[in-house]
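Listed below are the structures to be examined.
First chain A sits with chain B, and in the next complex the same chain sits with chain C.
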Partner chain A sequence: MAQFNEMYQGTEVRAPYGRLQDWVAAMPQELRSLKQAEAEALFRRIGITFAVYGEGGDPDRLIPFDMFPRVFAAAEWARLEKGIKQRARALNAFLVDVYGRGEIIRAGRIPGRLVYQNEAYEKAVVGFVPPKGVYSHIVGIDIVRTGPDQFYVLEDNCRTPSGVSYMLESREIMMRMFPVLFRENRIEPVDGYSEKLRRTLASVAPKKCKGEPTVVILTPGHFNSAYYEHSLLADLMGVELVEGQDLFVDGEYCYMRTTEGPRRVDVIYRRIDDAYLDPLCFRPDSMLGIPGLMDVYRSGGVTICSAPGAGVADDKAIYTYVPDMVRFYLGEEPILQNVPTWQCGKTEDLAYVLEKLPELVVKEVHGSGGYGMLVGPKSSREEVERFRAKIVEDPGNYIAQPTLALSTVPTFVEEGVAPRHVDLRPYCLVGDRIELVPGGLTRVALKEGSLVVNSSQGGGVKDTWVLAE
Partner chain B sequence: MLSRTADNLYWIARYMERADTVARLLEVGSRISLLPSAHGYRSEWDSLLQATGMAAAFAQKYGDPVQRNIESFLFFDRDNPSSVASCITAARENGRIVRTALTSQVWDALNTAFQELKALEREERSRVDLGRLTDWVTRHAAMVRGAIDATLLRDDGFNFLNIGYYLERGDSTARLMDVKYYVLLPRLEFVGSGLDNYQWSTLLRAMGAQRAFHWAYGGEVTAAKIADFLILNPQSPRSLATCSAGLVNHLGRVAKAYGRETEAQAKARALLAEVEGTTVDAIFDEGLHEYLTRYIRDAADLALAINEAYLSGEMR
Partner chain C sequence: MRLTVDHMTRYLYDRPVRSVVQSHRLTPSAFAGQKVVDWEVTVSGGLRGATHRDGAGDQVQGWTIAGPVTSVEVRVRGTVETTDLAGVLRGHRETVAPEVYLRDTTPTRADVALETLARSVEAPDVLALAHALSAAVSDAIAYRPGVTHAHTTAAEALALAEGVCQDHAHALIAVARVRNIPARYVSGYLFADADGNAHEAAHAWAELFVPTLGWVGFDPANRSCPDERYIRLGSGFDAQDAAPIRGIARGGAKEEMDVTVAVLAAQQ
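Coming up: the complex of A and B.
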């Protein structure tokens, strides 16, 4: 399978990477080791760590950071940006629709059962339109590349996509360690993200809020693997980082407990799942959450971002229909393509998947983090057969995709510099307008030949550059 | 400020100060135990544990108070919530929760203490002597305190940190004195003996105040002078007078910033008035132990009022 190397075309260096050629050539091994150690010390110092679920071990583990940047030319990014914004608009239109009249289903473009019987469909918000008609305020779209102009969307994240702290901190660290690179290349800054996020959240204040809205970030707490990110964003935006126990409902509003008494909260950027928002509404057995919050939400006393119920749009079974959403709601042709996907729940698709299993990537519909998936070409015969049994047992729980020849970017490895597979997660902000900072999170599979970039599976991160015109 | 944030800050201070106290306690204990035990009084280590209210937990886990076990219990044991290791871990954990309310220097100081603690725990125990452990704690407690004083914004968070420090410090001064007076000398005839004086100076040494004491008073070490120094003297950094005044000051600043007085301010002022309005003679008339017990109780009562007013989030 021919792999697209984003830097080298044969011996030619592609234009965006032009100046990096000299940079890497001029870096002796000792300096590289020194810089790598420095980067790691900086990461550890600022406390940016990642706890891996189910592995035990060191909760203060670092995600490996690779110093070799990933670069996009201005024109490449312009097209991506258009495609990402288009997709974010369509996903939000879909959400408003399926909690309203369900036009797309009436029109026969998406099967109703996929939506209404979806676990992520929240009956509690049917008929409610959130402020500015936005359900998903931060849309993380995972994109892979297979050629100069071939970009595919791997999945959408409409709930609470994480990882943006790595985008911000990787840039900080690169600028600190290699200032000369930033003088020589004209790189678009990403540090406007927090201000844009704050503005986005403020722009969807509930209708009962008069004056400057009070925004908070709701975290499950410091044991959560993304806690660092929650506290970084709170710090950068200058808003309080609250836990469920800090909030309470009184009458038609939500308040936080402060040393000066109760203070009203207008917008909650929550980093917890729907199920833990309000025990009265979702899970009576949950100790987490704020009793009565959903009533306040539905009566316009507080805005919750992303809106409860947004998850139905990023479900892997719904994913197949996103290009149809773009056509249906926007009347446009999708700029970004989906990866061809087979639904194992469909009889004819299942037959194909079982036949071609060793060539395919199979994922659980509700899985995430790279867990419970099969990468056919990278698996042993036994692994494939074991997975086959799982699919046959519960076909509706799986989708399959062709194994894409993911693009590679040069990466520092033990032996020097070598190509490694990457993906990209940009963060699109949706409020009264749609914004995207030029950059995102580039994840890299550090193991040779590996296609799994998830940090929980040994992936690392790179700084992502977008060059100015 | 979120009540929970204030609560975390307050506990960072209390835990760091408590780690410091436990280390000093270990030092007092090991010094006193170097005395010949021909006098037939109870084991000094046991007395120390009694005074800090940890005796039962210790006995259950280790049995006889052997120095080595006491060191483990007071320094390394995670089952003991007041051990140095537990306190430093808890302080750092609280710090992690409220990272945004701390400067990077304060976080660095907390985190460094924690990382070094983990390294200490991995070392062979026979290579770690007690003096090194107690010095290590005092140094890191001072580093955290210094980072707070040098870099933190003088806002309500700073006040809640200081409130935690002064409450814990007053409590520990009172308890350390009580160890000496009530527990170590159960029989009246020891008072004023050579043994008595040796123990007093050991106590001063443990509080890092031996030289300060001599500068301030000179001459012979007497019970009256020490009581004056540790209770009434506003120059002494650990005296009950200093701690109460600190509480009045920082609670006053909170009340001013919020434009509202609570029961906590009134209680702090009463605590200070009590210290300022008494004399060494009056204290000895009442009985030092009785006086200290009363202080400890009043301070705990104040802590409760602070919790209700600011930290619990129940104030409407």
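Coming up: the complex of A and C.
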């Protein structure tokens, strides 16, 4: 399978990587090892040792950092940015619609079953339009590349996509270790992210909020694998990091306990799942949430980001329909393409999938993190047959996609520099406007030939550069 | 029929709790079958919180009670003018798509026995099927208080062949969903007349969605459809989701609950 190398076209170096050729050529092995050790020490010192959300695994494991940056030219990014923002708008329009009149279902464009019987569809918020009509305030869209102009969306993350701290820290560490690179290349900064995030959250404060909104980040606690990220974002935004027990409902509002007494909270950027938000509305055994929060939310006393129920838009079965959402709500053609997807729950799709199984990637509809998936071409006959039995048993639980020839970026490996497969997760912010910092999280499959970039499966991260015009 | 309700729920804690938060579905539904004459909910030491009408049409009211307290009294008093609509929930404003109620929950999940029960009846249309399913549940589960508890599932109640209105409602919801009929749990009150049958004044039944009529109530515990003796409060996937009072106390004390309900026909 021909693989697109983002730096080399044969022996030619593609323009955005022009200056990196000399940089890597001028770096002797000893210096490289030294720098790599320095990078690891820096990551350890700041304590950034979490797994990307939903990936499980040892939360204290260090995700490998690769110093070779991934680079986008200004024009490449401009197109990506348009596509990402378009998708984020469509996903939010979909959420407002399915909790409202459900026009897209009435129009027969998406089967009602996939939406209304979806576990992530929250009956408790039907009929409620959150401030500014935004359900998903931080949309993480996982994108892969297969050619100079070929980008595909792998999945959307509309709940609480994590990993943005890696984008910020990777940049910080690269600037500290290789200041010359940042003088030689005109690289768009990403450090505006936290201010943009704060502004986005403040922009969706409820109507009842007068004056400057009080924003907090709600974390499940320090045992959570992304706790570092929660505390970093709170620090950078200058807002409080709270746990459920720090907040309480009194009358029509939600308050935070502080040393100076209770302080009203207007916007909660929650990093806990819907099910745990409020034991009076969702799971009654939840110790992480705030009793009565949903009644306050529904009556406009506080904003919850992402809005409860946002998860119905990023389900893998709904994913197939996102291009239709773009056409239906925005009247535009989708700029970013979906990976062609077969729904094993459909009889004709299932027949095709079972026939072509050794060539396909098969995923669980509700799964994440690279677990419970089959990469046909990389699997033994036995593994394929075992997976076939699972699909036949419960076809509706699986989707299949062709094995994409993911692009590669040069990566430091044992033997020197070698191409490794990458993906990209940009973080699109949606409030009273839509913003995207130029960059994102590039994950790299460090194993030779591997297409699985998840950190739980041997993936690492890279700094992602967008060059200024 | 003019019904008066006096419903008192008393929560007792074995030591003072710091605070109590509650979410109520204690307001009679607004539909053609009932008209509120007067209605009042009071909570001892309570601060009235936010209120909203949810997508299912229920009035939801939050309350907070600042501690330390060792008891909380929730008292509901009011009068409702009811009309017999043969169970049809006419004129009820709601926006949740009926299909949402095809999803099962732990207490309403069908096991093999519930599936078998669901498929044991045949009927020419959805309404007739709904009646047949309700009758099948009445036959399969005898009314008997004390054998089941708050967390008994429909499958367990069917295995016991005994239960109370909550179990009947869960079982009917389970079998209806097996037959692809959206179904939900309804909580409310029932006027206990003097006919000698067993009644529960704080009552529960099920509603099934019939395309030609909309939501229709069925009360397998009493082998009937809700009529002018019923007052409807709210709905949900199951008993917990439709509970008239959901609450939680901070402070880790042991809680005891004492409920008295009187539903009477008002003197003309």
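Some notes on this structure:
Rule of thumb we're sticking to: the second predicted complex is superposed on the first by the 460 of 469 C-alpha atoms of A that agree within 3 Å, B and C clash if a C-alpha of one lies under 4 Å from a C-alpha of the other, contacts with A are read in each partner's own complex, and residues count from 1 in each chain.
Definition applied: a contact is a pair of C-beta atoms (placed from the backbone, for glycine too) under 8 Å apart; a residue touches a chain by one contact, two chains touch by 3 or more.
Just so you know, these numbers come straight off a predicted model, no measurement behind them.
Because the two structures share chain A, they can be overlaid on it, and in that overlay chain B and chain C fit beside each other without clashing.
Look at A:Gly301: by the touch rule set out above, it reaches chain C but stays clear of chain B.
In the superposition on chain A, contact of A:Thr259 is made with chain B only, not with chain C. In the superposed three-chain arrangement, the CA centre of chain A forms the vertex of an angle with the CA centres of chain B and chain C, and that angle is 80 degrees when rounded to a multiple of 10.
In the superposition on chain A, A:Val125 contacts chain C only, with no contact to chain B. In the superposition on chain A, A:Gly112 contacts chain C only, with no contact to chain B. Of the two partner chains, neither chain B nor chain C is touched by A:Gly211.
When both complexes are overlaid on chain A, the residue A:Gly331 reaches neither chain B nor chain C.
In the superposed model, C is the one of chain B and chain C that contacts more residues of chain A. Superposed on chain A, the gap between chain B and chain C at their nearest CA atoms measures out to 8 angstrom in whole units. Touched by chain B in one complex and by chain C in the other is not one residue of chain A. The part of chain A that touches chain C in the complex is made up of residues 99-102, 105, 112-113, 116-117, 119, 121, 123-128, 248-252, 279-281, 284, 291-292, 294-296, 298-301. By the touch criterion stated above, chain C contacts chain A in their complex at residues 19, 21-23, 47-56, 60-62, 64, 66, 95-97, 99-100, 102-103, 237, 240, 246-248, 250. On chain B, the positions that touch chain A within their shared complex are 1-6, 93, 96-97, 99-100, 104, 107-108, 111, 156, 160, 254, 258, 260, 310-316. Against chain B, in their complex, chain A makes its touches with residues 45-47, 221-222, 227, 231, 234-235, 240-243, 245-246, 256-262.
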